[in-house]
Every structure is written in C-alpha cells, then in structure tokens.
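The structure appears below as structure tokens.
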Amino acid sequence: MTIGPNIDARHATALPFVIAWIVILVLAGISAWTAFLAIGIWAPVVQFGIAAIQTALLFILFMRLKGSPSLKWIFAGSGFFWLLFLYGLSMTDYSNRQGWPPTQISSQPPRQGDIGGD
Amino acid sequence: MSTTTFEGMPATEPRAATEPSYLTSENTIASWLFTRDHKRIALMFFASVTFFFFVGGTAATLMRLNLATPQGLLQPAVYNRMFTMHGIIMVWFFLIPSIPTTFGNFFIPMMIGARDLAFPRVNLLSWYVFNLSGLVVLFALVMGGADTGWTFYTPLSTVYADGYVFAAAIAVFINGFSSIMTALNFIVTIHRMRAPGMTWMRLPLFVWGIYTVSVVMLTATPVLAMDTFLLAFERFTGIGPFSVQHGGDPILWQHMFWFYSHPAVYIMILPAMGVVSELIPCYARRPIFGYTGMAIALMSLAILTFFVWAHHMFVAGISVYSAILFSLMTFFVAVPSAIKVFNWTVSLHKGRIIFDAPMLYALGFVLLFTLGGVTGLMLATLAVDVDLHGTYFVIAHFHYIMVGATVSAFFGALHYWWPKMTGRLYPEMWARSAAILMYVGFNMTFFPQFVLGYLGMPRRSYTYPVEWQSWNVLSSAGASILAIAYLLPLLYLGWSIFFGRKAGPNPWGATGLEWATPSPPPTHNFGDTPIVTLGPYSYDPENDTFIDQEGVSHAR
Amino acid sequence: MPADARLEIQFATLEQQGDTAQVGMWIFLVNETIFFGALIFTYFLYRLTYPHEFAAAAKDTVFWAGTANFVILVTSSLTMVLAINAAAQEERPNQMIGWLIVTVGLGFLFLGVKGYEYYLDILDRVVPVVHFEVKPGEGSAGELFWVFYWIATGLHAIHLTVGIGLLLYMLLWRIRRGEITPAYYAPLEVVGIYWSFVDTVWLFLYPCIYLVGRS
Amino acid sequence: MYHWIPFWPDTAAVNAVVVNNLYIAELGLSAVIMVTVLAMMLTYCVRYRSNGTASRGHRLERTWHFEIAWTVATLGVFLIVFVWGAQVYAWLYEPPPADEEVYVVGKQWMWKVEHPGGQREIDALHVPVGKTIRVVMGSEDVIHSFFIPAFRVKHDVVPGTLETVWFKADKTGVFRLECTQFCGLQHATMQGEIDVMSGADYARWLTSQGVHESLAEQGADLFRAHGCSGCHGQNSTVHAPSLTGLYGTMVHLQDGSVRLADEAYLRDCILNPRSFTVAGFPPVMPDFAGQLGEDEVIKLIAYIKSLGSKQESLR
C-alpha cells in the first residue's frame, strides 16, 4: 500500500481550488449576513453549519483528502468524532443538572424529584 | 556478540550477527543524547521513569510512615504535598509513560519487523520534552510542592491552594506533548511500517495493546492539555471558565479532567494487558485463548473508556439521569475486561506451564486485576459509590489496577525482555522471590484499605481515629515489604548486567520477531526485512515445540 | 527507487516515507482538533448558559478585522495549494517559490491585522482582569467571553506563527538545498496540511467570536 | 465484638440498611468471581505444570461460543447490579417530605450547622431519631463533601449552588461526620459528630441552646436591613413579585422557562436576579452577589420559606 507523491492530473489545474476558494468566501458572506438578521437560534445553527461545509471543502480539496486512502479519511474524521463524546456526554449532565443552566432554556418544567424540592 | 543458542535450538545463525549491537556500536555520550535509535531512546526513557518511580515511591513511603500513627508524624502541609506529588509523579511520570515509552519503544519496531519507529527524531524529542516536564514538576516539588491532590479540583487549585499549583499544572501540560508525540509515533509506525505478511490479525497482542493505548493517548490528552492550560490561566489571572465568581462552573473542570483521566487509567492498563498476553502463552507454551476476542476487547476498551468518565463524579452534584447513564456505560466497559480475565485464565488450560519470574508476575497481574475489577464494579454501582466515593476503598481499588496490575506487568515485561535488552540473563531464584514478595507485600498494603474505606476513612487525611490504627499499621507494614520487593530487582538486575549469564537470541523459546535478532539486537534490528507467515503464539504444548512468526519450527 | 540521501533507514522507499509523513500530520491534527474542540466546548457551554451576556460582550469585537482575517487566511490556503501544485511540476520551481512567498506574506498580514485588532481591543478596555470595563448587559459572564476571545485567538496566532516558521524553514532550507523536487515534495504537502488546518480553526472561531450579538 | 479490629461500620439509618444490602450482595458476587478465577488458575497451574503428565491433546480450538456465553452471562449479572444500584441512587438523592430541616455551610475547615429554630453548631449536628431530616448545604469557598459513614450518605458541596441530601436515623448514638473531598490544609480535621437523640432529648437540647431568634426571624432582620422589604414587602408600591407562598411553586420566567422555586432557585435569584427575571416584572433588582455570605443567604431563604409554602399542595 504505497501511495506515491501525487503527480497526477489533479495537480495540473488550479481551477477546482479557485472555485472552492470562491465558494468558501461566498458561504462566509452568507454566514456573516445571518449574524445581522434577527433569526434567533437559527443564526448560530446556520453559521456553524456553514463552518462545517467550509471545513469539508478545506479538508477534501485543500488538504487533499480527495483520492487519498481511507486511512487518512478516518483520521481526518476521528478528531471530530471524539469531540462528539465530549460534547454529547457532557450535555447529558448540563441539560438537566439541578440549577444548571441558571436560566433554563428548555420550557420543559424540570421533574420534581430531580430538583429535590419539597 | 554472543551467539550462544538456547539448549536444543537449531544452531541457525541469527540475522546480521556481524553488525555490532545497539549498545556497543557507538560509545560517546553524544551518541546517546542525540541518538535516533528507538532502543537507546527506550533505555533513556527507562532511566527517566525509573527515577520518577522512586521519587513517587519515596513520597508514598513517607505517607505510609505518617499513617502508621493516628495523629500523623508529618506536618499536615508536608503530608498534603506528599500525596499530591505522589499522585502527579506516579500518574504522569511513571504509570502513563512506563510501558509504552520503554517496552513499546524498544519492541514495537522489532515485533512488527521494522528498523525503527516512523519518526525517530520526534521520538527523541519526546524524551527531552518528558524530562523538561519532569524538571518543572521537580521544581514545583523542591520549591514546596502543590497541595491540591493530583486531581487539581477547582476552586481549591485556582484560588485557595498556596503551593506551586501553577508549576505543577504546567508540568502536566508539557508532559502531554511527550505523550502525544509517543502515541503519534506508535500509531503511524504500526499502520505503515509492518513487515510483509504482518497483517493486523498476526500482530502480537502487545502491539495491539500499544496501538489502542496510543489511540487513547492521542484523543484524550488534548482535552487535559486544554483543561490544565485553562487552569493555569485561571490560577495566574484569577478569571477563567471554572471561576464561580464569574458564573463559571467548577464541575466543568472535573468533566474535562476526567474525560482525560478516566481513559488515563486505560492508558496505564492496556499496555499491561498487552504484556500479559505475551507472557502467558510463552510460559504456558500454548496459543492464547481467543486471540481475536482479545484484540476486539482491547479496541472496545479503547472506545468505551471515553463513555464512562463521570463515574468519578456521582456525588459531585451532576444530573441524576447523567449519573445513571454513566453507571450503565461503566458496567459495559467491565465486559471486555471480564472477557480478558477469562481468556487469560483459560490460556493456562492444557499448557505446559513454566513458573519463571515473568509468569509469576503475569499470574499475579491476573489476580490483582480481577480483584481491582470486581471492586471497580462496586464503585460503578451508583448507590454503593455514594458511600465509598472519596474513601480509602477507592484508593485500594485503583492501586490494585494501577499498581498491582500495571506495575506487575511492568516488572514482568522487564524480566521477560531483559535478556533481549541487555544480552544477559537475570538470576531466576532472586527474581521469583521478588515476584512473590511483591504479591504478598502488595496485598498486605492495599487489602486493609478496602476495609478502612468501607469503615469510612476519607482519603487524603493525615490523621484518623485511633480505632483504625490496626488496619493502617498492617498497611504500612505491607508497604515496607513492597518497597523491598521494588528495590530488589534494581539490585539483581543491575548485578546481572555485569555478571549475569550471557543470553542467547531466544532464551525463552518465544515466537515473536524480536527474538529472531541477536541479544542485544544490532542498531537496525534486522539485516533484511523478515517475511511473516504466521500469527503469534504458535506454541504446541503436546510436543513442546513452537513455530516462530517466520514459519520456522523449533523444538524447545 | 535508487538509494537516496533523503531516504531514512527505517523506510523502504521515498513513497513510503512521504506518505508516512502525511499520515503522521493527519494524526497530529486529530490531537489539534480535539485541543481546540475542548476550548470551543467551554465556549458553547457558557454561551448556552449566558446567551444575553455573551451577545452583549461579543458586540464589542472588531467585525471588520475578523472578516478581513477570514479572507486573508482562506486566500493563503489557496496560495499554499497552488505552491504545492507548482512543486509537483518540473517546469515551475519559481512559481512554487513565488506562491510560498505570497503565503508567508498573507500569514504576516493576518498577524498584522490581528495585532491592530488587539490594539483596538485594549483601547476598548476588554482585557480581562488587567484592563476591563463591564459594559451594560454583560454581567460577570461577559468577562468569560473575553477570556475565551484572548485564549482562542492567542492560541490560534501561536499556531499560525508556527506555520509561518515551517514555511520559512521550507523556503530557506529545504528548497534552497534542492530537497523539494517533483519526485519528492511530501514535506511541503505536510506543511500545507498543517497550514490549512490552522485556517480551519479560524472557520470556527469566526462565528464564535465575530458573529454573536450583531442582530 | 473485637472493638480494636473493626470490620464493619455502624449502620444507623434507613439509608444505610438499603446500601448495606446492595454492598453485601456485591461482596458475594465479587467473592464468586474471585474464587472462580482463582480455582481455575490453581487447577490449571497444578495440572498442567511443565513436568506434569496430563494430556495436552484436544485443546479447545473453536472458542467463540465459550466467549459469547461468558460475555452474555457477565453482562446479564452486571445489568442486574446496575439496575439495583441506580434505583437506590435515585431514592437516595430524591428527598422525601422532610420532618426537619437543617442548613449546613461548609467552610475551610469546619461544618457550620444552623437549625430552623436559630440554634447553631460547629462540627456537630444534633438530630432526632426516626425523623426524616433534610440537609440543605452550601459552601463558602471550595468543594467539600458531606459524609456520614454510619448513614451511607454523601454529597459534594459545590460553591455557587445549594445541594440537598436526606437521611432518617434509626438508632441513637454519636456518629462521625466527615469531609471526603480534599479541601486544603486541614481537610483531615474537617470532621464532626452526628448526635442522634430521642425526640424528647432533642426537644430538650433545642430549648437549652439559649436562642432568641429563629433562623427565619434572623432572615427577616436581614430582609429589612438589606432593603428587600422596600420592594417585596406587603405594602410596597414597587412592582415586584410577592414572596408569600412562593416556595415550592413553579415560577414562569421572562425567557419562557419554568423553574421550581426550591432553595437553589431562591439562592440564585437573590445573588443573580437578572438571570431570573420573573415574567411580567421589570428587571430592576440589584444583585447581591458578593454582599451576602452563604449563611446570610440561608437565613433569607429560611425567611422566605416561612412566608408559607405550597409544599402540601405539590405532593
């Protein structure tokens, strides 16, 4: 499984990279534009969604995952995958810990026993 | 170099016997300090971690000495600094680096048939960074030490502690770079440098152990790095994400800390499991029971270990539902460990068992690990943990795993591979006595602590009520036996370097590729790259023969 | 593959050596991703907890500087890729050097803009502890936002500086000694992967820092 | 008993009995596992020692069904223990209706106890036997952990919030109170005594403390002294939420969320009111973070609770 220096057609042209560059910048423009709209929770959702797409473009094209063996794809994804553990499992605590967050965002009233009231 | 062969071994000349051994090829100090040879770096790591083992051990000795009397012999401030330094040094400067940086460094390339690790310079840099962090922690120790416990819980560590917490946290931060560099090197090496024919399912289980531990190190350490960075920042400036005054959450520190530090327990135990999986088939002279299951268990431990960290926080005030989820995950993580214990035990079935010192250490490992494991189950049970958390029961439990099991495996590996590393045999009777002494001393030290824990003796206390003295004295007495058992190998192994019998290339009749080289091996391990045709552990107890991984059959 | 001075003893071929280096960099980036991810985790936690305070605090960030730096970094990633493209082709060594110099220049430009932004921040009294003024609506949690701001941008700037150092090492040492050729330019690719990753970090820091509390 | 070698701690509360049963069951399970492993190992070691003559032929080769059986069996046993433990845990951390309440503040390195009647103790806690006691805990500095070994009750006391545990002692006597979270230099001495008394003794003890003002009365003084009564008082003209009957109700906040008005909520409201603006009220209350100590907050909460509660209607 030797993967040589990448002397092949995809290096011959700069066009895909320039297109990706333009797409990233346009997406960034949309992202910045949403910041000025009063769309509440949707603004960060759109912004971080766009950041994810931009990251995918950078990883696949600029960092040359495209055409690479699956090993590199696995490692490129595994950092984000492991972060899911940290984010997801921590949130099982923060989403319903007694008195956290101090202002509860969910409109679900906390269960009585969870609070330790009465 | 020696070409003496083991009794009964076919007198095939080991490869590249003409090349000088890695120990004697160059003899200047610079040739060691700037070496890129994984074997020399492994020995340098061995020297470093042994030094820190005895620094941490000295702190432990002082602690047990203090606890021999109820009112304590040391000043409270000194005792607090001792257990903090004992924890920090033993965890980050001995247990985590011990097996990977010494035996991993030395034997991973040899076991997979490579001439070196993928990035030898990074490997050397890792050693320097490790020692830099060691200097910082020694600086903190000499200047007065830190008094927070190795867990650095906020806000004690950020605001109230008056020791050198900043320096200690920075030392841990720097130490992380060393871990990451070593882990990265192993992962790349195992992926890309295997000899022809060395498929994943032909890897020795030690290589699997090191691979999984590297994955855990690589993915857990950055969270600790960020956590200690933020802690040092908050300690320095007075504001940070753990600051209660600014609306921060002190429990966030615990979440991020245990996100690393629970997997850290597996960083300590996975390579030890790998070692034991090498020792048991070799000395039982039969293939390991359930190779595939063992490899899968290692991998699933490496993943599952990330799902259980909040079981250190069941009484910390986290959400009850979250605690229940983490408890369930903890029971799941116990399953692969149970599989491994079962497989090791069954691996003795119909073997031809030789009770040499490494085997004694390995059997001790299995028993101590099992006891540590079942008490871990008790701690994973939510209601029982409420009672036992923060008591000596926890201390006893994790010492059974981290000291009983991991250090046993470390010494087992040391004896097993000593002939390969130095070219000399160790004195067998001395080694057996040390192994038995260690087992006795260890149980005598830590078993009483289970009782003390259930009686309610809180950890990290320099004083305790008089009625607990009998247990504590027993524990301290055991600790002195344990200290002797740890010092003994230093003496007889040191003696054997100069006066031990010369070892042949394969004194134990083992199957791994590392035994296909002369002892000690030449600088670049293999003259020509070996071609692997078989999985590991092709021992045949019926006829007392074995087939090495290149497919050559030997009578033992 | 003939014996080559650049081939290290543990590898069989230059291909294996080059590819191993790239895999090594990707594995290093796993670690970097989690490092920054853990920092952004603390950010998300407190932003969810104190949305109003964070919005009030983030309003004072310098929007134009963050956006300009976004463009600069993405562009530098492009020029880096073009340099590697040129490196792969025999006839264009000067183009490669040219693109690399542009990349280094953009890196320095980023640091310049960042430095000027820091200067504006100091004028605005948003340096926690040493030079901080609580603005209306920020509460005490607003200071947490600024702690995140300084740590995140500071760590990012350190990473970018390391990237510039690697590029200069390539330009002034490896390329000058003729070690980067169309037959073996893996070191340049490894630096390119790292450079684009530093860019990736900014993709996430930008909405975290500059796009909060603007509406 | 051999008093000089204690094997088993005191068991003096209903909580402790329940935990003990689980603990004993797990000890039994552990013993079974250990003995199995040890017996297998010893048998094999003796039978298959290197110079033993036992047959080595017909080793187990197809092993997967052994492994699956072993795995499923252990998983099943583990799940039973897990469910048992989780049930007890939820029960331990869900306080039932309390007969008595006490307030505990952890401070380097002492436990400060305040009874609702205004009686104060340091490193000691007097409670009546056979009553459900609810302990509301706060910390003034670092994380402490409130632990009574004889009751098997433990909870960390984290600064910045209030935590609650409960217990019901079923034996009179003096038991240990400990801090099990390392909290600085004299952590080891942050210990006290739980004095479980009969109801009559307890009543006598309460009256013998020479206290003039109950906790709620002290809170009322603070309520006036800090100007709270100016807005929250009966005759105030400022538009502020009424506190009468607040405790134990569900409060609708400005941001649409609903919170149960328990101790932790009241504490947060006093110290950081702007994060908890009640729906329909202007956010004008100054925050008292840094102005009130934990024990003062506890007095204020006791006062607010004394203004009537809806506890009964909740149950």
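Each chain gets a letter, A, B, C and D, in the order it is written, and its residues are counted from 1.
Note that in this section contacts are C-beta pairs under 8 Å (C-beta built on N, C-alpha and C of every residue); 3 or more make two chains touch, one makes a residue touch a chain.
Since the structure is predicted, the reported quantities are computational estimates derived from the model, not experimental observations.
S.K.: Write out the two chains that share the greatest number of C-beta pairs in contact.
M.R.: Chains joined by the most C-beta contact pairs: B-D.
S.K.: Any idea which chain sits dead centre by C-alpha averages?
M.R.: B
S.K.: Would you kindly tell me how far, in whole Å, the mean C-alpha position of subunit D lies from that of subunit C?
M.R.: About 47 Å, centre to centre.
S.K.: If you average the CA atoms of subunit A and of subunit D, how many Å lie between those two points?
M.R.: 39
S.K.: In whole angstrom, how far does the Cα centroid of subunit B sit from the Cα centroid of subunit C?
M.R.: About 36 Å separates the centre of subunit B from that of subunit C.
S.K.: By residue number and range, which residues of subunit D touch two or more other chains?
M.R.: Each of 90, 93-94, 161, 163, 272, 275, 289 in subunit D touches at least two other chains.
S.K.: For subunit B, which residues are shared contacts with two or more other chains?
M.R.: Within subunit B, the residues that touch at least two other chains are 191, 219, 223, 245, 247, 249, 251, 256, 317, 320.
S.K.: Two-or-more-chain contact residues of subunit C, please, as numbers and ranges.
M.R.: 16, 19, 23, 27, 30-32, 34, 38, 41, 45, 49-50, 139-140, in rising order.
S.K.: Give every residue of subunit B touching subunit D within the complex, in rising order.
M.R.: Listed in rising order, the residues are 72, 76-77, 80, 147-149, 153-156, 159-161, 244-245, 247, 249-251, 284-286, 289-290, 293, 314-317, 320, 323-324, 327-328, 331-332, 334-335, 338-339, 341-343, 345-346, 348-355, 363, 366-367, 370-371, 374-375, 377-378, 380-387, 389-391, 451, 454-456, 458-465, 467-468, 470-471, 541-542.
S.K.: For subunit A, which residues count as touching subunit C in their complex?
M.R.: Its residues touching subunit C are 2-7, 11-12, 14, 17-18, 21, 24-25, 28, 31-32, 34-39, 43-44, 47-48, 50-51, 54-55, 58-59, 61-64, 71-72, 75-76, 78-80, 82-83, 86-87, 90, 94, 100-103, 105.
S.K.: Give the list of subunit A residues in touch with subunit B in this complex.
M.R.: 71, 78-79, 82, 85-86, 89-90, 92-98, 100, 102, 113-114
S.K.: Quick check: in the complex, which residue numbers of subunit C touch subunit A?
M.R.: 13-16, 18-19, 22-23, 26-27, 29-34, 37-38, 41, 44-45, 48-51, 67, 70-71, 74-75, 77-78, 80-82, 84-85, 88-89, 182-186, 189, 192-193, 196-197, 199-200, 203-204, 206-207, 210-212, 214-215
S.K.: Which positions of subunit B touch subunit A when the two form their complex?
M.R.: The contact residues of subunit B facing subunit A are 191, 219, 223, 247, 249, 251, 255-256, 259, 306-307, 309-310, 317-322, 325-326.
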